[in-house]
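So that you can tell them apart, the chains are marked A, B, C and D in the order they are listed, and the count of residues begins at 1 in each.
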Amino acid sequence: MENLPLVPLIPFVSAALLIATAGRLPKMVVGLLGAGSIAAAGLLVLNIGIEFLRDPTPMSIHLWTWISINEFKPAFAFYLDGLALVMMSVITGVGFLIHLYSTEFMQDDASFSRYFAYMNLFVSAMLILVLADNLLLMFLGWEGVGICSYLLVGFWYQDPANGAAARKAFIVTRIGDTSMALGLFLLVAELGTLNILEVAEIAKERWEVGATIPTIACALILGGGLGKSAQLPLQTWLPDAMAGPTPCSALIHAATMVTAGVYLVARNHELFMMSPLVMSAISIIGVATLLLAAFTALNQHDLKKILAYSTISQIGYMFLALGVGAYSAAIFHLMTHAFFKALLFLGAGAVIHCLHHEHDIFKMGGLRKKLPVVFWSFLIGSSALAALPFTSGWYSKDEILLATWSVPTLGPWLWAGGIAGAVLTAIYSFRLVFVVFWGEAKTIPDKQPGLRMSAPLIILCVFSIVGGLINMPLEQVFPSQTNAHAAGPVAWITMTIAIVGVLVSYLLYLRQQINVEPILNKPALKKLRYFWYSGWAMDALYDRLLVRPYKLTASLLKTELIDRFYNLIVESSVASHRALSITQNGKLRTYAINLVVGIALLAAFLTGIV
Amino acid sequence: MTLALFYIAGAIALAATGIALTRVNAIHALIYLVVSLLAVAFIFFLLGAPFAAVLEIVIYAGAIMVLFVFVIMMLNLGNRGTVVEQEMMNPSVWIIPSLLCLILLIELSLSIASLKSETNPIVVSAKEIGISLFGPYVLAVEIASMLLLAGLVAANHIGRRLSKMDQEKDEG
Amino acid sequence: MTGTDFLALSPIIALAVGASVLLLQIAFLRNLKLTTGITVVTFLACLFFLFYITKLNHQTTPLLLVDPLSTFFSIVFVLCACITTFISYEYLKNRPGRNDEFFLLVVLATMGSIVLTYATHLASFILGLELMGIALYGLIAYPHQDDMSLEAAIKYLVLSGASSAALLFGFALLYAITGSLFFPDLLSGLASPEVAVGPQSPFWARQLILLGSALILAGISFKLSLAPFHMWTPDVYEGSPAPITGFLATISKGAVFAATLRLYVIGEFHNFPTIVTGLTILSIISILVGNLLALRQENIKRLLAYSSIAHFGYLLIALIAAGTLTPNGISAIEPSAYYLAGYIFTTLIATGLIAAISSSNNEENANLSDIAGLFWKNPLLALCLSVSLLSLAGIPLTAGFIGKLYIFQMGVEAGAWLLLSILIIGSGIGIYYYLRLIFSMTTDPSSSRSTLAPALPVTVSLITLTILVLYLGIYPQPLMEYLLWNT
Amino acid sequence: MNPLIIPLSHVLMLAALLFTAGLLGLLIRRNVIFILMSLEVMLNAAALAFVGASAHWGQTDGQIILLLILTIAAAEVAVGLGLVLQIQRRFKTLDLDVVSRMRG
């Protein structure tokens, strides 16, 4: 247990080494260092996990106090409990598989070493995020993963579009981060601490449930979670973030970083329970996001974008679960989602890798025979995503939906939304499988994935199927749920609804029994589809609502008073710099005169003659 | 009597310093400076500090001033610098510094003039100084030796000619 | 002299012995490598003794007080002197002419800094100051084939001499009133009881004490290059050989500050409100002037000179706030010691790197264009310089941040809002020019011709310093506790 | 000798006068040698103040400081004159305004 701090340290040291050597190491060594450090961290986690399961008492390791100002003493301290252990295992486990996969996927890239430096740094920051025992250290990890995400989305920075995508991701999440920082300030001001346990304790003592201040604090902190996890209204950055290398999308934008918002709420659930209003908001946001993203995914034809929207949608389920108080269900879905979504992304990466970087699914097809390993991974991944019975996704989604039903008043409505989402999920995920792997071949693969790419796929396949059977040690972390199982029909609908979706998808895309083309091509529907395709025109909306007014005000203010004020600061600084520089004329006598003036003034002032 | 002597010596010291610092010829200035230092040494004597007076004469007037003389002789300046020096004796150069120094002097004297205390001087003999120099101040003596070493090394290095080429440039 | 006395003096004796050995070695056998070796051994021996006496608290004659705080400062200075030696070797080895005396002067200047740090008496204070000063005149003018170094040396000598004279005159006035040169008795333990210092003391006595203090403050402000006594700084820094720029900016200033801190606290100068107000004015002017002058400076040495003016302005805030916080002003020690140590390590990285650049370019100065593309040519050293600049700018996770935070906190507690707002404005301007340096390191490397590959000891020292700066920024607790414990 | 009655304030006054005279010399002269002489005058003024105060208290300390000031002055002048030699060699002038080139 004492070696817990080593877990984030090992990837960090590896990243530091890779940065310091700046690409001078041979690729072999880089690969060994990059993937090996994660493997080492993973083994450590395994070791710690076994110990923890034997004696599951939460423990915190206080390394040192960073600064101490009166009451405020943020520490470098890690906190290990069941939740942290689950998150660590996902990060290092899935992370290792993705790193291993990357060693083959990225092997022809000139910036091989830079890639692994960023990835290792990311893993380190993510581990700090989940291990932090106070919100300030967590914020450090939070910002760390944000930076790494920015760097990796813009990894191929030679293309300006990728740079733009990276900036978009950074700026949109930054809006959330600012809100979160404000929330933290509020907590410090009100409670005087950022230690997670203390915050929960003091908040319970000092505040009443539903009071204004906890509501504001929770809403502000939630803002950070919404930005990081790409939920309404800050979801627009994630599809663009697909500009990065596919394995990094798998790790950062599917399995780990985007679920940080879920972790944030789950970790602070005691604080969030102080504000029922925010909790309801979380569940409504979750449902809205999952429906919106599912509709959009249905209309996309870029392989990675479909997966991106489906990620947004699945995180919507997790938020729904958080909102209804089913924390362990949310974390359960987080874990299974990490398995099958990483699998899908890696599979997609393999397809793209073998098809000359083709992204459009309608230019693929018939790959079932050509890329068997990839086909099976996609099939299994999609089944889990669609939550077909007995796959891992089925267990977790089932738990979420059943918990939703049992919530008073709002429950059934949310449940209905979730069910609708489930149908859509099944449709779009199997649309993907049918279009890409059946039908006639439109592009011929020029290579096959090698061992280092296949092995992670196979392992993730196994987890995607049996991952639902994993028993997470979360009993001590979250309040026990009243497992009020819903009545018969509800349970049956919940469990089997996905099959309906698959059938629809089968009829629509494989059999093409129902010819929907004429209906779809009606102008009104076409517009609707385009509307959905554009992600409910959110980008356009934000452009109209925020960006353009901002630019307008900016251009108006360019010559106006406020700007003049700021220019004045700059100009006066530069002018005083110039004026002062003139005094430095290099003449000894000027300097000596200045010295005497100084002495005279000082003497006059001190003796009170002036 | 002593008071009168003090004023006379003080006046001589001031006047000699004033003349020294306004000379154009460096050697003349040095002579006046030596006079000033001798006057100060006399004041030390009047203040009951004969040892200090002797040191002032031996080291200041004797050694340091002679050092100046050596350098001036080595440089063999002649009248080359004189023209520049005369140019800067015009009021535009000295008026602002003089005003500044006057202000500072007024400030100093305002405070010093308010000092009310009778001096009751006791003659401090060389023996007493020796005792305290090698008593509580023994470390000062040691550190001073290091200071002189630093001065020696620095002056030796800085004053050295660099190379033959340099020498030729000098002579040419 | 007792055994404890000798133990307390052992670091200074080590340096004196080292200097003597160097003198003999230079007289009989000139060999730069050997000289460097002896110098390093001398510093290591000195460090050894310093570490040995970290807990010692001993007054050795009225002149020197060896206490843990001063020993801490001395360790910082000697460490920096040792690193300066490595950098200097790199700088000197390809230079024509006799280079051995350089190290002798470095040893003597370091000795001056330690004497100054331990000083509790005017005699040791002025001797330490001047020992350091005179060795530095020699070092600044060392490459005297270079016009700029001669110019720098003569400017420094004349102005520094004038300020020393003012300082001495000020002390003479205090002595005339109180009859003591021993710092603890300087103001409080008066020889004649009727001149007790404080509100009840006669007007004329206070008047003269304040006048003396003004002159002393002026002299010290000159050595610390506080505005308006700052004007020599850029010229002298620019004209000095790069390793000596580092010495001037770190050890020399640090030692003067350490001595001032002691004089201020032991002498209880903070009991005079006007002195505190005077310090406030100096601090405000220094922060503004230093930062504004650095704003668009192209020459890195000059830029560091200006930034050091501002940094000592920040440091003064600790002294100013201390008086209002604790009756004996002792609370100034911990923050200012922390800030000073951070500043010294940080600045030494920057100046060391400039020395490495100018050694490889074979010219004295490093402009912004000389570090262009450093990130591509030598990423490791570029990283070191970036950390150093970020620390100077006060970005979190560096020593500079913690130091500034510490001082800020003191200011808040003392309610010095004006000073704090100036500190914020200054830091804001500071970020501009520090980041400007970092940006210029990332620009296209083709525009600069220099290659940079300093010798191993230099690289290792710079990296060690960088790690130290980061360590102090991430894990400040041990040093804070050490300082707290020993004050 | 009869008791020497010289008021301390008069000694200090003389020292202040000499100090300002030296300072004035420093400000108006351009020749390095004269500037060094002015420095000597200033240091000497400080020494005078110390000796005066030392006499006032009947202590040895002030005179010892005089001794130290002499040492410092000697070392400073030695280095300063070394610089003078070198400046004359390189610039062919002792005019400090000509020597000054750094600025900004």
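Please note the rule applied: a residue touches a chain if its C-beta (ideal position, glycine included) is under 8 Å from a C-beta of that chain, and two chains touch if they have at least 3 such contacts.
Computed from a predicted model, the values in this text were never measured in an experiment.
> Please find the path from chain B to chain C through touching chains that uses the fewest steps, and give that number.
Each step joins two touching chains, and the minimum needed here is 1.
> Taking contact as defined at the start, I'd like the list of chains shared as neighbours by chain B and chain D.
Where chain B and chain D share a partner, that partner set is A, C.
> Return the chain pair with more inter-chain C-beta contacts, choosing between C-D and A-D.
Contact tally favours C-D.
> Using mean CA coordinates as chain centres, what's the chain C-chain D distance in Å?
For chain C versus chain D, the centre distance works out to 26 Å.
> Counting only Cα atoms for the centres, state how far chain A is from chain D in Å.
72
> Would you mind pulling out the distance in Å between where the CA atoms of chain A average out and where those of chain C do?
Those two chain centres are 47 Å apart.
> Indicate the whole-number Å distance between the mean C-alpha point of chain A and the mean C-alpha point of chain B.
About 76 Å, centre to centre.
> When you check chain D against every other chain, which residues touch at least two of them?
8, 12, 16, 19, 22-23, 26-28, 30, 35-36, 47, 52, 54, 56, 59, 61, 64, 68, 72, 75-76, 79, 82-83, 86, 96, 100-104
> Which chain C residues sit where two or more other chains touch them?
Counting only residues that touch two or more other chains, chain C contributes 123, 127, 130, 134, 137-138, 141, 144, 153-155, 158, 162, 166, 173, 176, 207, 210-211, 234-235.
> Return the residues of chain B touching two or more other chains; collapse runs of consecutive numbers into ranges.
97, 100-101, 104, 107-108, 111-112, 115-116, 137, 140, 144, 147, 150-151, 154-158, 166
> Can you tell me, using the touch rule above, whether these chains form a line, ring, star, complete graph or other shape?
The chain contacts form a complete graph, every chain touching every other.
> Would you pull the chain A residues touching chain D in the complex into a rising list?
Against chain D, chain A makes touches at 581, 584-589, 592-593, 596.
> Show me the residue ranges of chain D that touch chain C in the complex, using the header's touch definition.
8, 12, 15-16, 19, 22-23, 26, 32, 35-36, 39, 42-43, 45-47, 49-50, 52-54, 56-57, 59, 61-62, 64-65, 68-69, 72, 75-76, 79-80, 82-83, 86-87, 90-91, 96, 99-104
> Which part of chain A faces chain C closely enough to touch in the complex?
Residues of chain A touching chain C: 19-20, 22, 64-67, 69, 76, 573-574, 576-577, 580-581, 583-584, 586, 588, 590-592, 594-595, 597-599, 601-603, 605-608.
> Can you list the chain A residues touching chain B in their complex?
593, 596-597, 599-600, 603-604, 607, 609
> Chain B touches which residues of chain C in the complex?
Residue list for chain C touching chain B: 1, 9, 16, 19, 23, 60-64, 96-98, 101, 104-105, 108-109, 111-112, 115, 123-124, 127-128, 130-131, 134-135, 137-139, 141-142, 144-145, 153, 173, 176-177, 203-204, 207-208, 210-211.
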